[in-house]
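Below are two complexes that have subunit A in common, paired first with subunit B and then with subunit C.
What follows is the complex of A and B.
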């Protein structure tokens, strides 16, 4: 028996709107990205010049600022991977022990992640202000007046200050991920370990950690992808300054595109950067599969 | 072992437990305070005058300037930004929820040529980072006349909304398809026997059942649209069209040191999401962890 007509047409009709948007705004731009990366084009001129792989060669061999910006995003990422995620895990373990006030802690820790990077950046921009910021005011009140400085405008501290703000915004997200992971570990496993006389460290090392490993890998991948592509927070705090000290890849791509009007070059930068991120996340996924 | 010894070890155990709890609180409490203080400081700054914001370092200002909010809302354009954000969010959420539901239902119930591949390709966009995609998106929107260049106001609004609908679809489909998979097929079959068409089954049976999942998608999509900045930065140049995040940067760009008014604008911009968060945090957190950990 043939299916009624409705059942034959329906799947295509149901998917069509989503597919249309997906084709126009995901697939076609992807093609446009690859194509434009081979051009020397200011974004306006009707006749772009085909330059082959020259944009790529320039990114790889000559663009010192781009690779510096890559390293700076890497620095923030490294801090987020270690400090931020260690703190997130520690707090998740604390709250998972049915600590009194645990739900209040959870509510508060997840407050920064729901705020926008712009708001978070502007709040801390004001706190870290060199002349009127509360941070310097508190330092002075504590007798540490000689440490005061314009934290986000001083080349020595700007990048670390940005990293600190980024971690402040991000740790609560890692915290809820770890907490969700911890809550899937059955209590019986801990009971059994306790009966066998295992101490707290041993239980953490041999029960918690192995079972939490998949969550750790997911959190690490998302931390790397999210932090390497940091952008709005930079715009709201330093805009890449002072003197390029907080430039990151995305701000460089923006500068190539809207600053110097080199659309083809901006695309090549984006593709090189994207490929690196892809390799990093594939390596981690393989690692996850091996441990699973 | 005597009874006294037993009581002593019990006491010691209890003391150790207490010390342990104290240690955990000693870790959590300062961090919780560090989360709240910057927000309190922003709220405090929003109630100071343009002079006292630089001189009065008390958390609760002597005479709170509630008029800052009126001034930010009108002269600072935050009223305009607010309603723009509201409109963009409503438009994107409505479209993401309905289009994702339609597509996910089709992926769940019908197999057609290439459906499996298409499903995987759409979901892969959630995992594969394409950091340069916004350059191509800008070129495309420019070709389509959807970048704000001073003419029509609806085209740039469309240019801001459409890519975000597309960006929200994979997550929506990803959450909804397994949800539809779990609903038994017999439900639809009996409805069809009763004379319900495919669309009728979808509308009257599947959508109501999927309401919890639709709610999570609506919540998380709202959050991401409300907080979106990069695309707004690319698309808009006229303040009258900007959403809040872009508006905050526009305000800061023209009134560099008006921290009291800027803070009032920030409070206006976060108030709705903080309220929704406090009411719905369980759903929001569940959606975020499920979205990331299932994948």
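What follows is the complex of A and C.
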């Protein structure tokens, strides 16, 4: 027996608004992006030139700085994946225990992520300043004056300093997610492990870690996607300098678009960048499914 | 029951239909742009917001035409907004274009800019005669320009500026240099470094993280040492960046670095930070524009400073980057473009220009209004004859080459590249860019 027509149509009508919004704000812009990436266009001219895949060839074969910027974003991502997330996990474990003032710690640890990246960047810009920065003052006071330097302007330290700021700002997200994950692990499992004679390390290794793995993978994906797209922090601290030492893919795309007025080329860079992030995310999801 | 079902059936498609209506509502034509609607002026000048609002009120009082200045800042955001508005034909009646001459050319070719040549020439060219010629020239296109734009002026400057070196008189005296005779030669300039270091003072600050300011300093020396023609020939591809003249210019930055005159971390210093260091009397010299007069006045009214041209390295005359400070353009597609032109004409008249001078301390574009300036501003106005501007060259350098050049200078300043290596890298980028353009032109038969 066939369902009444209204009932058959209703589900489609309900998803139509979402579909419409998705089409207008996601699919259509992506189509425009793809289309523009095949053009030589300054963003204004009424007659853009079709150049086929030439922009992509230039990105892949000639744009050495774009790939350097990729490597630099990769370096920051690697630090964030390891140091930042390890710190977030450690703090989450510490706060998950029956600590006095646990709520205060949670609030403090979650403060940096809610600050604007520009504000954070400017604060650390002053801290790391080579002329009157607090960091150098502290080093000098500790008798380590020979280590002082303009941290964000020295090619040896600029990228690591930016990574440090990024990690300081970002660890709160991982902390909250790890804490939420830890609170879902039943206490009974720890009690059973304790009865079996498992020490703290064994309980962490064989109870906490396996049950936290899905959260770890989610945090990793978010860390990779968030860090590879780092931008505002770079603009607020180094503007990609000194020279090209803290350039990241988004600053290069921005430079192509507004600095050089090459909208088509910037779109090609954006698509290449997006595809690489997509591949990384798919690999991680596949890994997640396997481990699940 | 059937009534309820009918209502339900109506309600279900009503939701998407409502959303479609909302979406489509934004696609319609804007309300009529005539009558009592204000003339809209888009700008990015945060320091002039109040002054502009006051002038808008005065204009309405005088002509009964309402004007609304709309501020979009910072300048990056403004530049994006103007581009987006151009793509959707949503530009206001009056706006500014931030960018290179190439960008202005694109706006003109796309029909977004009203040619102002006929208006400037009206009545024997009184409007043109009232303005500084160099400031007008910055937004003008010459015959045979590479953008295929009809020759003539397209933008109206509301102020003029150039970039020079500010020096702190008190600190200079503390270093044993007579503040009445600041160093005019390169050697004397660098010698200040040793004494500054001994006094734990910063020698020289500037916002050299902002590449354009670094580029201004470099181009001053390129033109000073090599001459306009040779620099222009480089842009045209006739002289390579590996030419000894360019290497000599790049070497100036190695000398600056080695002298110890530069502030620590100058390559990531934004101009706001440089301005604070100079205003707080921590730095002896600051390379900054005429707007610095207003900035330093607001930061430290007691600051005692002088202004000098960048020190010479040869016996040739020194030049300084400058011209129009801020300019406005009229939207050619606006049905109210005649009103917009009339407003700009009024804005650049002497009384309004004097008001802007008093309130914002920028050198007026109107020559009569610039007749009695403060000594600091007069120093900038006096140097207007020695100004150069990249837009005045017949050929413009490609942006990737400019970026490679400026980033290369940063590499010299941080000691990781030699002037020769930077020159080589810049030339490689130049060759690649020239080849890319040639390929595009040959493939599409463009001139």
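In this section, the second predicted complex is superposed on the first by the 268 of 292 C-alpha atoms of A that agree within 3 Å, B and C clash if a C-alpha of one lies under 4 Å from a C-alpha of the other, contacts with A are read in each partner's own complex, and residues count from 1 in each chain.
Operating definition for what follows: a residue touches a chain if its C-beta (ideal position, glycine included) is under 8 Å from a C-beta of that chain, and two chains touch if they have at least 3 such contacts.
Predicted, not measured: the structure shown is a model, and the values here were computed from it.
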Determine, under the contact definition given at the top, whether A:82 touches first (subunit B), second (subunit C), both, or neither. neither
On the A-aligned overlay, A:100 touches which partner chain: subunit B = first, subunit C = second, or both, or neither? first
Is A:273 contacted by the first partner subunit B, the second partner subunit C, both or neither? first
Can A:243 be said to touch subunit B (first), subunit C (second), both, or neither? second
If we overlay the two complexes on their shared chain A, which of subunit B and subunit C does A:14 touch? Say first, second, both or neither. both
Answer with first, second, both or neither: which of subunit B and subunit C does A:199 touch in the superposed model? neither
For A:43, using the defined touch cut-off, is the partner it touches subunit B, subunit C, both, or neither? Pick first, second, both or neither. both
If I apply the document's touch criterion, which positions on subunit A are contacted by subunit B in one structure and by subunit C in the other? 6, 10, 14, 17, 21, 24, 43, 131-132
Enumerate the contact residues on subunit C facing subunit A in the complex. 5, 8-9, 12-13, 15-16, 19-20, 23, 76, 79-80, 83, 86-87, 99-100, 102-103, 106-107, 109-112, 202, 209-210, 263-270, 273, 277, 282, 398-400, 403, 407-408, 410-411, 413-414, 416-417, 432, 436, 439-440, 443-444, 446
Partner subunit B, residues of subunit A touching it in the complex: 6-7, 10-12, 14-15, 17-19, 21-22, 24-26, 28-30, 32-33, 36-37, 43, 87, 90-91, 94-95, 97, 99-101, 104-112, 114-119, 122-124, 126-127, 131-132, 134, 137, 168, 172-173, 176-177, 180-181, 215, 218-219, 222, 225, 228-229, 231-232, 235-236, 249-250, 253, 257, 263, 266-267, 269-271, 273-274, 277-278, 281
Touching subunit A in the complex, subunit B uses residues 21, 24-25, 27-28, 31-32, 34-36, 38-39, 41-42, 45, 53-54, 57, 99-100, 102-103, 105-107, 109-110, 112, 115, 118, 122, 125, 127-140, 142, 162-163, 165-167, 169, 173, 197-199, 202, 223, 226-227, 229-230, 233, 245, 248-249, 252, 259, 262-263, 266, 269-270, 273-274, 277-278, 281, 284-285, 288-289, 292-293, 295
So in the complex, which bits of subunit A are touching subunit C? 6, 9-10, 13-14, 16-17, 20-21, 24, 40, 42-46, 49, 51, 54, 58, 62, 125, 129-132, 149-150, 152-155, 158, 237-239, 241-244, 255, 258-261
